[in-house]
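To keep things simple, chains are lettered A, B, C and D as they appear, and every chain counts its residues starting from 1.
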């Protein structure tokens, strides 16, 4: 079974040479730390920066240079700053190659819910609705089940949707799943996790075809 | 009767302090030369410059700094360059206060035709259709009649339209006309021109109310 | 050069009234118009609608207007970094309209550029699209969203000149650029008001035509919401 | 940093074929992609559709492709600065689609930004609106215009770096900025390809994400269409 860092490490393997990548808040932010060093990737943040680097050293923080999580950041050579409309031109115009974000629920048809729990304080969708509506390559980083042990990999989402039919892959603490043809296709098991455990934790339709390898971490 | 420079001089009187002005090709371009020195005006050119200055001195021409008529120009302190979409944001968004352009025909309902003569070579509308569709203050600079003596101040345009119901004022070699309520309202006569001459040269409905002063040049 | 310079924030906010709609630039606390917000608190205009990506934090940014109960409605993409906001929202005192961030940005840009409405795929199939017109383009569904209408836009830039030209720094640009010219009156406050002619005409982010009033701001706090650092020998 | 740099114009134009649709930046002869145009002539691709505000002059710019009869269709706002264009248009050899200039710019921007279509007041009530959907917004009629679809965009910038970041100079910016990212492949030629990290991140007009290939251009003529000057003691 993976922890959050394990999920981030596994997702980092999905990042290919030449990709522009948008990372959501939470586990996705960690992915940047585990991308291979021998490939070139640029990180976009929807508040208006392309070419994000690591956090600044203490004393070098600049209030004018933050990421979408409002964290102080640095930029790498070749970076650029731009306005919000241009930032979403990159996203809506499909110039960003990969979107990685968290979710509360994912359904077998690719629906995603990650912005609202009725009756609770709603923080808003931020840029998530724009991202999932336009991106063609969306990987969700999430726990397979909630704290009460209920599956978050569902037949249909119960929470208000963020986007419809858009998720292409899910990486959880238990498995890597591809979402297509109205089903979750099991691609890999987390280290030490059995197919039965994954099956039990999955409410949505799970397709298990052939040998299912364990993740190579 | 006015010549082209006279028309430009008269239109220059319409330019008010604090106006952003877009000038079309031909007579309108001349207007810039006759605006009072004690007011502040900025000229916008739709190819992407705000704060245009005079033509450059010989030897100082820059192929990268032109106006919409493709003439080499200079810029004044406070000028800015921008892309075509932003330029038309200024125009469509009603940030430009006054548009001055030429016309082949104007109709009493404010329609204007200035881009196409069927059967002849068509050069295109350039930015004229965007300008007339959005500007709220459009002054047309033109000759009252064509070379064959036929009125260009009409009941309805015979040529393909550039815009509908948009012209607010017309300054010709003979008169200043306000366009409203489906009629041309005679405001001023050109020096030495009689009301009868204007009436004879006007095919559209002409309203003559009260004393019609001669232009003060 | 058309002079947009005004003496101070008091002169810049002449005409603001209760029940108006304001746009405020910034992302989180980054690039917010601190001086204009302070003056809005002082003037105590009530029942205003604020269009702003976020709603500040307790005791800073739009949090100040919230504490003072001046805001009737917030239009934002992400809120709830402050407790007072949450309290007012849950009690029903505060009306909240949540809008996808890219849609929020484009509703500003549409107002600036004179487009009445636009089609975006964002929010299709979600409650954001409830009651809105939808349409298929090339097999993909889109939602029709309308341009914003606002009385004042309050933006903050790094540098500016008397002609109203603006230059932003880093990610403090964000919505500030898109809100210029998107309201009836755009008020820009700048960290540094420079002499006319010193800004490079090639590198002006907002030409002065989109700005009605500009003033030299003061006492900027520029708070950091999430101060994150790495350690000297941390590998990345 | 994702490297977009290619060796030369030959490598930059890999994949161009007959019957494709190209976007070409520039206003008149100002800011046109001279190197790409020369290479298109050399490659002799036929029956192409060109989206460009203007169509060059006899013997230069798009006039070169016209002389060689490579263009099937021109989409422009203002044409006819050259005799060969006029001859081909009047004889029916060349198809011409005239589009209002602001609409042309926005059709590029819509393609860049992922908007399928937009409503503009330009052209309403004229033959430009023939056959197009129209709609009333707040009592004003608008025309629905679709985003462009193109295979290649050829743009020319003043400076650029290997990441594809671009900076334009003066009014040579024009449509170049709006065409970046508006086609499947955007090819940028630059007067000066600078070291990565030397362009100020605050003043990049086009972030590299909108550009697929960039190369150091050469032999720029930068012709002036209307050389206008004033005399030393002329008063303005």
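Here are a few things to note about the model shown:
Convention: a residue touches a chain if its C-beta (ideal position, glycine included) is under 8 Å from a C-beta of that chain, and two chains touch if they have at least 3 such contacts.
No experiment lies behind these values; they were computed from the predicted model shown.
Across A-C and B-C, it is A-C that has more C-beta pairs touching. Chain geometry summary: the mean Cα position of chain B and that of chain D are 28 Å apart. Separation between the centroids of chain A and chain D, computed from CA atoms only, is 36 Å.
Taken residue by residue, chain B touches two or more other chains at 81-82, 85, 88, 91-92, 134, whereas all remaining positions touch fewer.
Residue positions 109, 114-115, 120-121, 168-170, 201-202 of chain C each touch two or more of the other chains.
Two chains count as a pair here when they touch; such pairs are A-C, A-D, B-C, B-D, C-D.
For chain A in complex with chain C, the touching residues are 33, 45-49, 53-58, 60-73, 81-85, 87-88, 91-92, 111, 121-130, 133-134, 160-165. In the complex of the two chains, the chain C residues touching chain A come out as 27-31, 53, 76-80, 86, 89-90, 96, 98, 100-106, 108-109, 120-128, 158, 168-178, 205, 222-230, 232, 234, 236.
Residues 18-20, 40-42, 44, 50-51, 75-82, 85-86, 88-96, 134 of chain A touch chain D in their complex. If you check the complex, the residues on chain C that touch chain B are 1-3, 109, 111-115, 161-163, 165, 181, 196-197, 201-202, 204, 207-210.
If you check the complex, the residues on chain C that touch chain D are 114-121, 137-138, 140, 142, 167-170, 200-203.
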